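The structures considered in this document are given below.
Two complexes come next, and they have one chain in common, chain A, joined by chain B in the first and chain C in the second.
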Partner chain A sequence: MYFTSSAFVLFLVVVLTGYYVSPGRFRPVWLLFANSFFCVASGWAGTACVAATCLTTWYAGKRMDRLSKSLAARLADADLVSSEAKALRRRTKEQKRLWLLLGVCVNVGILAVTKYSGFFAQNLNAMARVLGLSFTASGFDFALTLGISFYTFKALSYMTDLYRGKKTEAAGSLVQVALFVSFFPELVQGPISRYCDLSPGLFAGRIPCRDEFCAGVQRILFGFFKKLVVADRLLPAVVILTKSPDEFKGAYVLLTMWFYAVVLFADFTGGIDIAVGVAKLFGIDVTENFNRPFYSKSIAEYWRRWHITMGAWFKDYLFYPLSASSAMLKLIKPSKRIFGKGVGVRIPVYIVTTVLWFTTGLWHGASWNFIVWGLTNGAIIIVSQELSPLYKRFHARFAFSETPVYGAFQIVRTFCLMSFIRVFDIYAGVGVTLGAYASVFADFGREGFAARSVLDLGLSVSDCVVVALGVCVMISAGLWTRRAAYKGTSLTARVCLCFLLFLATTVFGCYGIGYDAKQFIYNRF
Partner chain B sequence: MKRLCICVATIAFVICFLSAQRLLAPKYMESLHEGALTAEYYDDEKDNDVLFIGDCEVYENFSPAELWKAYGITSYIRGGPQQLIWQSYYLLLDALRYETPDVVVFNVLAMKYDAPQSEAYNRLNLDGMRLSRAKLGAILASMTPEETVLSYIFPIFRYHDRWNALTSEDLKYFAASESVSHSGYYMRNDVKPANIVPEGPKLADYRFGENSYKYLDKITALCESKGIDLLLVKAPTIYPHWYPQWDEQIRDYADEHRLRFVNFLERAEEAGIDFDTDTYDGGLHLNRRGAEKLTDFLGKLLAEDYGLEDRRTDAAVAAIWREKTRDYERMAEAQLRELDEYGEIRTFTY
Partner chain C sequence: MDELIAVLREQRPDIDFATQKNLVDDEVLDSFDIISIIALISEHFGVTIPPEEIIPENFNSAESLHELIVSLLDE
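Showing the complex of A and B:
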């Protein structure tokens, strides 16, 4: 069920009505029923995966919680000597780790089979061809419409937090785990909420106040505006540009990267706006996923502002544990010996950073494009870190680095760099993408805009005007958010804004017959 | 104060929304005039002895003005392009909210379609209907898989992308439309003889579908419940092909339900129709001259066999129809003048 379909709007109205008329204690159950319906409407294969994730997560969590409680009870026993307590803690931790591993393996296994088996099979076959082996592997072909990468990560974070015994209390029942994992606004493309953040609102069954409700509607409408007016209007041009890289090269590659940056931003943030807004209508606060990423002055900052919940997840559950792992700690000594003190200390960090960005790329998609894209991000971040002393000296020497003009330059530079590497997402392969990059330098003048008209991209002049105005609205909204101007906005102004957004989206949105109902780009990640 | 502001904003929004909807919806005044036919019924007098329902074979082949002039019978054609039988049923149901005619004439060509066909034709037939249970029924029965009920209730959701293609027509007819028909009759005065008539292709199955029969039963039952005589006709257009197998099925149905079925194709000569002069598109539809001949023939049948009275002596009715026939004559003259002057018709509205 697409967020942008009329079926979803009808579904939301019915679920909201049911939620508002139900007694408080039944609301979470009603919400779980809605989640289940949303899953089933999106396909049985996806539903089976969600159900398996919920069950295994709940069971592993329950077993870990039981072990923790048993440990606490035993430790409370005054007769226990210190060595016994230590042994007990160690044994409990080992047992908990076993359950965590089991839960993680099952969930990652489901993710691997459904999302990555085709990719692995493809690579195995390619290797077999190179080695001259008569071997053909085949992967599973699931057309999953639900965002499996998103809810699997939610489940993994829940189990890991329970294992660590920090932040998270175990869910009381399977219903609670299922409600958390399958919360339908987050099911398509996140955000990747943590149990400790989402569960209080999820289980409270609270009805939002009038202002909250209005803010939710406003957020949903703005999401629809971004998706239908900007992203879907520009997307066909991006498809044309990337389907024929031989025709559209040189300057067109730059056009592709800017267009795609706008499409991806409008699409992803639009989807998140809808998810956050829908959750607000149920009185639930969902973790924000963006903080005006295109105002970032460096790639590292960009990744702290773009897809925040994913970045935080990788940081908490991959980067820090890996950095603090015994293997990495053991590596410091030999690397110091080989590379010297300064660089040697940073070698494990670079290895972990590389692993992190490799995984981030793989998480985004089962293809080498995404892996190369992830590694490129990692490489830029490492190089930036290595060059930071140079930057510092430069900034200390030249006073203009503190001026707003230089700040604007940094923002534009980061935007262009991110847009440049992001096109790995959309070209057919790594080679094609590299060819497109090369054409920017080799064919810019000759094969630039003169070769094909911009109007060959399926965009009329009026389409371009609408997109430009849409981008202006998004920029204004970014500035509005930064100044927190919305906090003082009256209800009347909010209502007027909702009406305007509704009218603008109704008239200028791409939907209905003649348009394919488009899933959000991040849903396939 | 806050409530007042929100009320004002809401009213302003509703006005803007409805205005945008009106602006963006097609007006059907300068092209594709058939799309305006359904809505025109609501502005007309609703005191008709005869109501025609069906596809283009009714709105292009029968002339209510001629029926009045020759027999004093009042009539209206609730026809539409490729009007499917369930649409005919719901349009009849809708019309019966306003009036109860003595006779309903249904053109049976629509029996050949058993399932929804095309969104474009659905729109031409249903957009003009006023919101009612009949309209909802028509929408649900007619929708193709990609359509939604909401876009029929609020056409802006269907036509929103016309912002890119608005013309002076949309502004000119924003507030009010003109008439394109004469009591549902779509006038054409040009002539294109039926020289080459293509053979009807062989069909895998000549049986009418269950759905078609279901709605024919509904039309029959509805007319019976209201005491209306139902007359089944097949207009005398030589293409699309009317197969003998189809004719036989309709005859069987008419016999079974004690209805009258007149196949005007068989009686075209008797009606005096000449396909060299009485059709404007090579035999698909009749022109005014052909429509008037056919109407004269039908009028005789209605007056004699159905006992419809001559109402020309009723002053109030006569006054209304005097004006209608004047408009009719005026448009006919205008079209004939244009044909002489430009070789084509330019006047379709009045």
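Showing the complex of A and C:
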């Protein structure tokens, strides 16, 4: 069930009505019922995966919680000497680790089988062909419509936090775990909320106040505006540009990059706006996923502001544990001996950074395109890190580097760089993308541009005008939120804004007869 | 404490660790700095900081980091 389908709008109205008329203590249960319906409506295979994730997460969590409580009770025993307490702590940690490993293996296993088995089989077969073996592997072919990468990461964070014994209290029941994992606004494309942040709102069964409700509606309408007016109007042009890379070369590749950057931003932030807005209607605050990413001055900053919850997840559950692991710390001494004191300390961190970006790429999709895209991000971040002393000297020497003009240059540079590498997502393969890059330099100029007409992209003049206006609205909204202007906005102004957004979406949006409720790009991840 | 500040300065000589109180919250230290500091602490004090302790509160100031090291040594 896509957010932009009429079925979803109807579903939301029914669920909201039921939520508002239910007594407070039944609201979380009603919400769980709504989650279950949302899953089933999206397909039985996906529902089975969500159910398996909920069950295993709940059980592993329960066992770890029981061990923690038993340890606390034993430590309260005054007769326990220090060495005994230490041994007890160590033993409990080992037992908890076993349950964590079991939970992680099952959940990552489900993810691996459903999302990656086809990719692994494809690569195994390619290797077998190279080695001349008569061997054919086949992967499972699931048509999953629910965002398995998103809810699996939520489940993993819950179990890991319980193991660490920090931040998170264990859920009281399977219902609570299921409610958290399968919360329908977040189910298809995030945000990847943590249990400690989401659970208080989820279980409170609170009705939002008038201002909150209005803010929720405003967020949903802005999400629909971004998706239907900007993303879906421009997406067909991107599809045409990338399906015929031999015809659309040179300057057209640059056009593809910028068009895709706009489409991806409008599509993903639009989807998140809808998710955040829908949650607000239920009186639930979910973690924000964006902080005006296209205003970033470096790639590292961009990744702190784009898909924030995914970045934070990888940092907390992969980057830090791997970097601070004894294996990596042991590597520092030989690394210092070989590379010197300064770089030597950083080499293990760079190894982990490479692993992190490989995983980030793989998380986005089961193809080499995504892996190469992830590794390119990692390489740029490592090079920037190594060049940072040079940047600092440059900024200290030249006063203009502090001026707004230079700041604007940094923003444009980051946008262009991110757009340049992001097209790995959409071309048919790594080779095709590299060919497109090469054509920017080889076929740039009038001849390359004149080979095809802009009119061949399926965009009319009115489409171009609508998209341009939509982009202006998105930029203005970014500036508006930066100045926190919305905080002093009266209810009347908010209602007017909602009306304008509704009007703009209904007049300029792509929908109605012949419109295929397009999946959000991040649904695939 | 003085030894710790000397270690921290080894990683970032441009920061006054004696006075700064929001090193992570104000984005003075990034994740690369944090990991390098963990490596230096492991080398100088023989303490391994577990992942669950790598949180902003523990790295916001030299004092909080000092408290963490002392508690880990006690364990």
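In the analysis below, the second predicted complex is superposed on the first by the 523 of 525 C-alpha atoms of A that agree within 3 Å, B and C clash if a C-alpha of one lies under 4 Å from a C-alpha of the other, contacts with A are read in each partner's own complex, and residues count from 1 in each chain.
Keep in mind that, in the parts below, contacts are C-beta pairs under 8 Å (C-beta built on N, C-alpha and C of every residue); 3 or more make two chains touch, one makes a residue touch a chain.
The structure presented is a predicted model; accordingly, all values stated were derived computationally and were not measured.
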- Once chain A from each complex is brought into register, does chain C clash with chain B or fit beside it? fit
- Message: Tell me the contact category for A:R397 with respect to chain B and chain C: first, second, both or neither.
- Response: neither
- Task: Applying the touch criterion given at the start, work out whether A:R164 contacts chain B, chain C, both or neither, answering first, second, both or neither.
- Result: second
- Touching A:F319, do we find chain B (first), chain C (second), both, or neither? second
- Message: Output check: A:S490 vs chain B and chain C. Expected answer is one of first, second, both, neither. What do you get?
- Response: first
- Identify the partner contact of A:R25: answer first if only chain B is touched, second if only chain C is, both if each is, neither if none is. neither
- Task: Scan A:R210 for contacts with chain B and chain C and give back first, second, both or neither.
- Result: neither
- Task: Give the angle at the C-alpha centre of chain A formed by the C-alpha centres of chain B and chain C in the superposed arrangement, rounded to the nearest 10 degrees.
- Result: 160
- Message: After overlaying the two complexes, what is the shortest C-alpha distance between chain B and chain C, in Å?
- Response: 40
- Task: Return the residues of chain A at which the contacts from chain B and from chain C coincide.
- Result: none
- Query: How about chain A: which of its residues touch chain B in the complex?
  - Reply: 6, 460, 462-463, 490-492, 495-496, 499, 502-503, 506-514
- In the complex, chain A residues that touch chain C: 86, 164-166, 300, 315-316, 319-321, 323-324, 326, 329, 332-333, 345-346, 348-349, 352, 385
- Contact set on chain C toward chain A in their complex: 11, 30-32, 34-36, 38-40, 42-43, 48-52, 54-55, 75
- Query: How about chain B: which of its residues touch chain A in the complex?
  - Reply: 2, 5-6, 9-10, 12-13, 16-17, 20, 24, 119, 146-148, 150-151, 156-158, 160-161, 163-164
